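First comes the structure, then the notes that go with it.
Should a chain be cited, it is by its letter among A, B and C, assigned in written order, with residues numbered from 1 in that chain.
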Amino acid sequence: MTNKIQNITAAVEAILFAYGEPLTIKKIAKILDLEEEKIKSALNDLEEKLKYENRGLKLVFADEKVQLTTKPEFSSLLENFAKEEFKEELTPAGLETLSIIAYFGPISKAKIDYFRGVNSAFILRALLMRGLIDRSDKSKEEYAYSLSFDALKHLGISKIEELPEYEKYKNNLNLVQ
Amino acid sequence: MTNKIQNITAAVEAILFAYGEPLTIKKIAKILDLEEEKIKSALNDLEEKLKYENRGLKLVFADEKVQLTTKPEFSSLLENFAKEEFKEELTPAGLETLSIIAYFGPISKAKIDYFRGVNSAFILRALLMRGLIDRSDKSKEEYAYSLSFDALKHLGISKIEELPEYEKYKNNLNLVQ
Amino acid sequence: MYQLQLQQFSGPIEKLLELIEEKKLEITELNLAEVTADFLKYLQSLTVAIDPRILADFVVVASRLLLIKSKALLPNLELTSEEESDIKDLEERLLRYKKFKPAIILFKNLYEKNYFSVSRPFFHGYPPVFHPAKNADLDSLHQAIAKLFEYLNSLSLETQKIESPLIKLEEKIEEIIKQIEIGIGQFNEIIKQKSKTEIIVLFLALLHLLRDQIIKAEQRERFSDIIVEKSGSYNQNDK
């Protein structure tokens, strides 16, 4: 299979296009039977090419995964693809919680509760149901919450670091206590 | 709207990517609020660019319509990928969703999300692709999901009532709501 | 419904910060004492509408404020080192929240900008093919549904368990009225030998009674005890 692949960048583009959902780099490497390093460099190459103004697509990265999407500057043309559940305005508690997860995720419920001073169980459930956050059970004790790919796409950013003043808030507020 | 669009080729790529289906040039022209001639020349431009070996996609023209798809040289790779993907065991989340649909189908996505406490969009799509569930548009607003006939056969039962403790769970649904 | 309603409320840290900022105050211990009454008033407005679990968290913050307030009112009051660090902790959390608040606004603007990316559905255009999973059998479906029910049941049990603190407020209201009736009129006497949580609930009860003008309270001078007495409008049948 592999020897047929002339161009890894092209293959990666085709795979991401067909799969549609976020895909781990590991999985792409497995499909192409190549080392992850090769995939990473193909993704870098693809990302660079997509930056040209005659390209309408971009890559979104989070949690070792990557997804091919449209550039947000075309959102006005694609209104009917906007997610209904995200259009609805966030409640004050929802906004408070989602911002904390955005800037400090992956973050445990205990830390979110401490930061807000209130039990966030219901809010987290509501955000999970709307698909704005993901829950990972990397450690057995505690779930960690982070922004979902759908949320990143709704915000029109390619990775969490593109949030406004991300570094400033992430680094200056030590939430780890 | 249009004056914001800097690059028509990029916009056409984004539109074809998002819609997925074959689109008429007329339709694309309407979305972009431009003359068809402009769309045609953007499509030519896009087609030329897609010929480069580092691109994994191509345009397919048929019946006055155009569609963005993967290049044929990746077809067997992608088919194998899809096959492998569907051969895998169901994740705990997949099993949970399937069990809810089995015991409580036909059931809406909103209700499934409510029971699970998380968004089930992707899992539902995957279960549909595997042919384990069917989707019917019971009401205009909402799809209803139920176990497919093939899934029943696979489980070795002839009707849904033969599921273990079917009555118990079906009737207790209200208790947890 | 009820969960949606819950989301309309900001957390207690956010609320407290709001109260401080409304008065254009800095976050200091003294200023916290200043807004205690406002916070308690807000807390009272919540008791009818809000989940007891959430309310409990507001009470925790209220209790720290009351501690600060008592310290301001009663300079001789000796606080334990735990209480001192609780006060410090509240101040630090407020400061941290205040620093973060602009990020919430930035996030909100981005969220509402309607500037989004679109992705494609999972294997779009590929026909569905029947691929049963090895692990999709009757047994595993049965187990999955049983596990889900167990979880959902535990959730509703948990909610029931937390209902109890609410009932207590009513009890404490009765208790204060009784104490006044038998002639104990000083708040210090009423709260004598009570646990800290009980004191908080008693204080809330006191505020409740004041609001409904069932009792009158008076503090003759700063730092002195609060004297409570029945007001004319109290009628045994009201409660």
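In this section, a residue touches a chain if its C-beta (ideal position, glycine included) is under 8 Å from a C-beta of that chain, and two chains touch if they have at least 3 such contacts.
All figures in this text were calculated on a predicted structure; none of them were measured in a lab.
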Taking CA centroids for every chain, report which one is farthest away from chain C. B
Would you mind checking which pair of chains has the most C-beta pairs in contact? A-C
What is the identifier of the chain with the smallest separation between its Cα mean and the overall Cα mean? A
Taking the mean of the C-alpha atoms as each chain's centre, how many Å separate chain A from chain C? 33
Counting only Cα atoms for the centres, state how far chain B is from chain C in Å. 43
Can you check how far apart chain A and chain B are, centre to centre, with Cα atoms defining each centre and the answer in Å? 19
Multi-chain touching residues of chain C, meaning two or more other chains, are 118, 120-124, 126
For chain B, write out the residues touching at least two other chains, lowest number first. 14, 17-18, 82, 122
Quick check on the complex: what are the chain A residues that touch chain B? 1, 4-7, 9-15, 17-19, 21, 31-32, 45, 49, 53-57, 68, 70-71, 73-74, 76-78, 81, 125, 128-131, 135
Which of the residues in chain B come into contact with chain C in the complex? 14, 17-18, 20, 69, 82, 85-90, 92, 94-96, 98-100, 102-103, 115-116, 122, 125-126, 128-132, 148, 150-151, 154-157, 163-165, 169, 172, 175-176
Please give the residue numbers of chain C that touch chain A in the complex, ascending. 3-4, 6-14, 16, 51, 53-54, 56-58, 60-61, 93, 96-97, 99-100, 103-104, 106-108, 110-124, 126
Spell out the residues on chain C that touch chain B in their complex, using ranges where they run on. 118, 120-126, 128-142, 144-145, 147-149, 152-153, 156
